[in-house]
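Here chain A shows up in two complexes: once beside chain B, once beside chain C.
== the complex of A and B ==
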C-alpha cells in the first residue's frame, strides 16, 4: 500500500477506496458483482430488520406520550416526551454517572490490562496457567460475576473483603451502600482488564525484536525502552482497547441491576438503567423512547468525534513507523 | 422445460371423465372435512386438549404447586398446565406489559392485592364471581378470609382468588431476650422495641438488636416503613391528594425507622430485603425481626433450632396505637380476552381450594401449606400441631388489617403497606431508593424526604390526581 495515497487522500478516503472497489470492476459485468453480493444479502437483511425496525419503532414511540398504566394514553404528542426527558433531573444525573463510571472503568482497566500484558510478555514457569487464570474474569457471565461479587466479596458480614480487612480494623463496612460507584467500577475493571490485556498482549508480541535489540545496543534502560519504543508500537492497540472498552462499558446494565439497583438514591443510575426504569417502573414508553433517542444522538456525536481523533492518531502513528 | 410442457399437444381422450372424477373426489373430500368438526364439537368440551399458561412468581409456595400439578392433571385429563416462573420484579414487569398491551400470552397470571383493584377497574381482568363462582358453590368463596377477599374485589365481585396471604408481625429469639432480662409483650410499641434493640445489640458477638429491611423496592423496604408511617399517624397524601411526605408525623416515623436500623440494625441494611434478613435471622445474627408472617414457615424449614427458639408478637404500634400489620396476598387471575377461560378457572379453583391445601399438607408437610387464604385452613388439626406457634397470630393479624382505613386520619387511597394507585410503582421505587440511601448514611432523612415529596408531586400531576 503506497504511503503517498495516505498523505494525499486521508485515512477515511483510503479505506473507503480499498473496501468499495472490487478487484475486477471494469472487466466483469453487473452479473459478477451481484454474484459476489448475493450471499451477503441474507446477513444484511437480517441486520437491517433486527437493528432498524426497533430503532424506527423507538423513534415512533418517542413522538407519542404512552403510559402503559393509563389506558387510552397512546396519543401523538410531538416533542413533549423529549421535553419531559430533558427536564427530568434524574436524566442529567444518569448522564453524569455514565460518564463517571465509563471514564473511571476504562482508564483503570487500561492501566491494569496493559500492566498485566507487559508482565505476561516474558517467559516464566507456569505462564500458560497464569494467562488462563487472568483471562477467566472476562469469560464469566457478567450477571453471575456481579452476583458473586455482591454476595461473596462485598457483603458486610460474610464477604471476603471483610474477612481480609478485619485484622486491620476495617470491620463490617457496607461497601455497596457507602461506596457504590467505586464498587461498580471495581467490578467493571475486574471484568474488562483481561480484554485490554489480550489486545495489548497481541501488540507486544507483534513487536519486532530487532528494534528492541537496537535499543539495547544503544544503551537504553528497560524503562526507557518501554516508554520510548514499546509504548509507541502498542499505542494503536491500546487505543483500540480503549475504544472498544468504552463502547461496551457505556452499556453497563447487568452489574448495576444486580448489585445496586441504581442506588443508593440515584448514585449509580446510568443511562441504560435510567431507560430501564422509565419503561419498566414508570411504564412510560414515550419518555423512555425519547431518552433512548437522546442517548443515541449523544453517543453518535461522541463516537464520531473519537473516531475522527483516532484515525488522525493512527495515521500519524503509521506514517511515523 | 416449461416451454416444452406448454407446447405439448393436449390429450383429449378421457379428459372430461378425468375432470368429472376429480371434481367428485374433491367434493366428497370437502364434505368429509366439513363433517369432522361437527362430530368433534359435539364432544368438544370433553375431549378437546387444552394447554394453559400460568405466569407465577418464584416463591417456595409456587414451587410446591408445580410439584403437585400432576394431581390436577389426573383429575382434568384434558388440561395441561405450563408454568412461566420468574423472580418477583421481572414477573411483575412481564405481566404488566402483557396485560397493558393485551398480548394474551398467559391464560392466568399471579398478581396481588395491589394490581387487582386497579386492573379490575381498567377492565383488564375477568369478573370471577359473576362468571364462575356463582355457578360453582362448592368453591365456598365465603371461606376466604374477609380482608383478603375484600382486597381482591372491585364493586363487590372477586377479580382474583388468593393463593396465600400474609400480614406482618414481630419475631424474636426467646433465649436472647431472656439472657438480657427482657420480656416481649404480646402487643409491643415501637418505643419498647427500640429500647429492647439497644439492649440486645451486641457487635462483639455479631448480633444485631433488630433486622429490618432497607433494600430499595416498593415491596421491599417500603412495606415495613409504610406500616410505621401509618401507626405514627402519618400518611402519603391528604384527602386533596397533596403529598404529606414532609409532614411532622411522617418525618418522625421515617427518622425513627432509619435511626433504629442505623444504630441497632444489621450492617449493610441498605441492601437487605426479605431474603437477606431471613438469612441473618436464620444464622442467629439478629435478636428480633419485623417482617411478613409467612417468614415463620420459612424459618421452620431452614433453621429448626432457631425456629424452636422463636417467639411471636403483634406488629408494633406507634403513639397512635393504630394496629399496623400489613395485608398482602399473591393471587391468581384471568386476563380478559384470553381463550379457554373455563379450563383456566378449573385450575384456579383447584389451586385455591380446601382440597389443594389438604393435599399440600398430606404430600409435602403440614407446616408448608399455603397460609392466610381460608378460614378452614386454621381449623385443620395437623396444621395447628405443626404451625401452632404462629398460625393463630397470623390469622388474627390478617383479620385485624384494614386496607380501606390504613391510617389514623382519612386518606383518599387504600392499601396498608402500599398505595393502590398505578403511579405508586414508580413513586414507591423512587422513594424507597431515597430511604435506602438514608439508611446507608449517604443522605440525610430530611433531604431524602424532600426529594420524595417532589417525586410525589410529579406523580400527582402526571396522573391528574386531585384535579
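== the complex of A and C ==
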C-alpha cells in the first residue's frame, strides 16, 4: 500500500516512508485525521496569532499617517510614509549602516568561528575547558557585554584597549567616537563567533573518519585534505551558520542602544534603531512601520535562502532516522 | 601530528619500529611540536576571547577607586562592597521579573511544543512538512518589524509594563526552536519500542508517559535550557514594553548608562549577576546548545 501512495504523493510521501512512521493518509477517517491534528493546533494557532498578525498590522500601519501624541491623527496616507522614509537622509544612512554592520560582522564571525572550530576539533589538553571558555561570550547577557566593552575596554582613558596599545604609541583614543562601526562590529564578532563555532564544530565532528583516512592513504597533505574533503563536508554547516547569523545580526539593537545610541550623529544608526527612534522618540507610527516593512523585506530575502536550505535539511534529518 | 600518521599508513612496515627509526622519530618529534604549538595557540585564543568576561568579574570585586586606574589595577584586595551595593540598589524586583517571565514562558513553550512536535513526528499529520516550514519561517521574521502593533495593542488594553506581555511574546519567540528541537528528539524514539507498546495495548497516555517521556526527557531539559537562555537575555521587547513595574534584568542594566563612566565596579557587579544564571545554564547544556541553535537540524 505504501508504495502506491508514494507514487501518488511524490517525494514528500517517500520521505515519510523513510521515517517509517505512520503518516495520515486519505484512507483514514475524518475523525482520525483530526485526532492527529488536534495536538498541533494550540501551538499553530498561537504562532499565527502572536507572530503573523503583528506583521500584517505593521504593513497596514505603514500605509497610514499617525502621530501617537496627536489624537485623531490616524489617517490613511497611501505610500506617503515610504516616500517620507526614503527622502529622510537618516533612513538612508541607517539602510547603509545595517548592510555594513551585518555584512562585516557575519563575514568576520564566520571566519573566526570556523577557525575556532577547526582548532577545537583536535585532541589536546584541556579541550573541554577551552570550549567552555570560548562559548562564554555568547552566553553573557548581550546588554551586559555591550556595557562592559563600552566602559572597561573602549574607554579612552582607563580602557584595556588603550592600556594594551599604549606601548605602540596609541594614547587616549576615543575608540567609539572615531571608529563607531568597527567598535560595534568587533563587539558583534566577539559575541557571534562562538555561535558559528558550535555549529561548524558539530559539522566537523560528524565528518566520516573513513573518508579522512582514505584521503591520507591517497597521500593528501593536511591542507589538501582540509580544502578538498573537510571544507566540502562542512560547507553546509557554515552556510547554516551564516544564514542564521545574518537573520539575528541584522536585528542588532541592544548593542547600539547601549554603546552608541546610534551615534555619533547617525554613524551607527541601523534600521532597528531608526525604527525605535521613529516610534518611541518621534511617535511617528507610519514611518516607523514603513521602515519595519523594509527590514521585513530585506530579512525575508536572506531568510528565503535559509528556508530553501532548510528544505534540504529536512531530508537529511529524515534519512538519518 | 598528522604528518606521521600519513607516513605510518603509507609505509606500514615502518610502523612497528618507528621508535628506533631515526627518520620517523624526527618526524614524530616535529609533528608533536606542531601539535603542542597549536594547542598553546588555541589556549591563548580562548583566554583572549574569554578575557572581557574575566575582566568583568575581576572588576566586580574591586572598589570604585581601583576600577578605573591607568594602568589597570591587577593586584587588589577583593571586596564584596559593590555586590551589596547592587543588592541594595533594587536588583531584587528586576530579578523577580526576569525569573517569572523566563520560567513561565519556558513552561508554556513546553506545553505547546511537545504535543505539536508529537503531531509532526510520531503520529505525523499529512502536511507536516509545510507546518515545519511555517514554524521555521516565523523564526526568520525580524521582531523589530512587529513591535509597533504589539506596542499599540498592549497600550490600548493596558498591558504595558506587565510581566504577562513578555511571557506571551517570549513564548512565541521560543516556540519555533522548541518545536524543531523536540521533534528531532522524538524522531530518535525507536519505532520498535512504540510498536511493542502498541501491541501490548498501551493507550495514548501510557505511550506518552511511560514510553516516550523517559526517552526524550534529557532532550526536553535541553530545550527548556535553551528557551531560558533566550528569554533571560532578551532586550528589545523588554526595553520597549516594560519600565519600573515589570522591567527585567537587561532593562535594569540600562539604568547604568546614565552613570556613564562613573561606577564601573558597581556596573561590573550588576552585569556579572545578570549574566551568571545563563552562563551557568549554558555551560551545563553546552553539548545540547548547538542543537537548539541550529534548530534541531545539527546534532
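Basically, the second predicted complex is superposed on the first by the 272 of 321 C-alpha atoms of A that agree within 3 Å, B and C clash if a C-alpha of one lies under 4 Å from a C-alpha of the other, contacts with A are read in each partner's own complex, and residues count from 1 in each chain.
The criterion applied here is as follows: contacts are C-beta pairs under 8 Å (C-beta built on N, C-alpha and C of every residue); 3 or more make two chains touch, one makes a residue touch a chain.
None of the values given here were measured: they were computed from a predicted structure.
S.K.: On the A-aligned overlay, A:176 touches which partner chain: chain B = first, chain C = second, or both, or neither?
M.R.: In the superposition, A:176 contacts chain B only.
S.K.: Which partner does A:79 reach: the first (chain B), the second (chain C), both, or neither?
M.R.: Neither partner.
S.K.: Which touches a greater number of chain A residues, chain B or chain C?
M.R.: The partner that reaches more residues of chain A in the superposed model: C.
S.K.: On the A-aligned overlay, A:301 touches which partner chain: chain B = first, chain C = second, or both, or neither?
M.R.: neither
S.K.: Does chain B (first) or chain C (second) touch A:264, or do both, or does neither?
M.R.: First partner only, chain B.
S.K.: So in the superposed three-chain picture, is A:111 touching just chain B, just chain C, both, or none of them (first/second/both/neither)?
M.R.: Neither partner.
S.K.: Now for A:165: first (chain B), second (chain C), both, or neither, which partner does it touch?
M.R.: It touches nothing on chain B or chain C.
S.K.: State whether A:157 touches chain B only (first), chain C only (second), both chains, or neither.
M.R.: A:157 sits against chain B and chain C alike.
S.K.: So, does A:281 touch the first partner chain B, the second partner chain C, both, or neither?
M.R.: Only chain B; A:281 stays clear of chain C.
S.K.: In the overlay, answer first, second, both or neither for which of chain B and chain C A:58 touches.
M.R.: second
S.K.: Could you tell me which stretches of chain A are touched by chain B in one complex and by chain C in the other?
M.R.: 155, 157, 280
S.K.: Where on chain C is chain A touching in the complex?
M.R.: 1-3, 5-6, 9-10, 35, 38-39, 41-43, 45-47, 49-50, 52-53, 55-56, 59, 68-72, 112-113, 115-116, 118-126, 128-129, 131-152, 168-169, 171-172, 175-176, 179, 184, 187-188, 191, 229, 232-233, 235-236, 239-240, 249-250, 253-254, 256-257, 260-261, 264, 267-268, 270-272, 274-275, 278-279, 281-283, 286, 289-290, 293-299
S.K.: If we count contacts the way the header does, which residues on chain B are in touch with chain A in the complex?
M.R.: So the residues of chain B touching chain A come out as 93, 96-97, 100-101, 122-123, 203, 206, 215-217, 266-271, 280, 285, 422-423, 425-426, 429, 433-434, 436-437, 439-443, 448, 451, 462-463.
S.K.: Mind listing the chain A positions that touch chain B in their complex?
M.R.: Residues of chain A touching chain B: 67-71, 150, 155-157, 172-174, 176-178, 261-267, 277, 280-284.
S.K.: Which residues of chain A touch chain C in their complex?
M.R.: 12, 16, 19-25, 33, 36-40, 42-44, 46-47, 50-55, 57-58, 61, 116, 119-120, 122, 124-126, 130-145, 147-149, 151-153, 155, 157-158, 160, 162-163, 166, 190, 193-195, 198-199, 201-203, 206, 213, 216-217, 219, 221-222, 237, 240, 244, 247, 250-251, 253-254, 257-258, 271-272, 275-276, 279-280, 285, 288-289, 292-293, 295-296, 299-300, 303, 306-307, 310-311, 313-314, 317-318, 321
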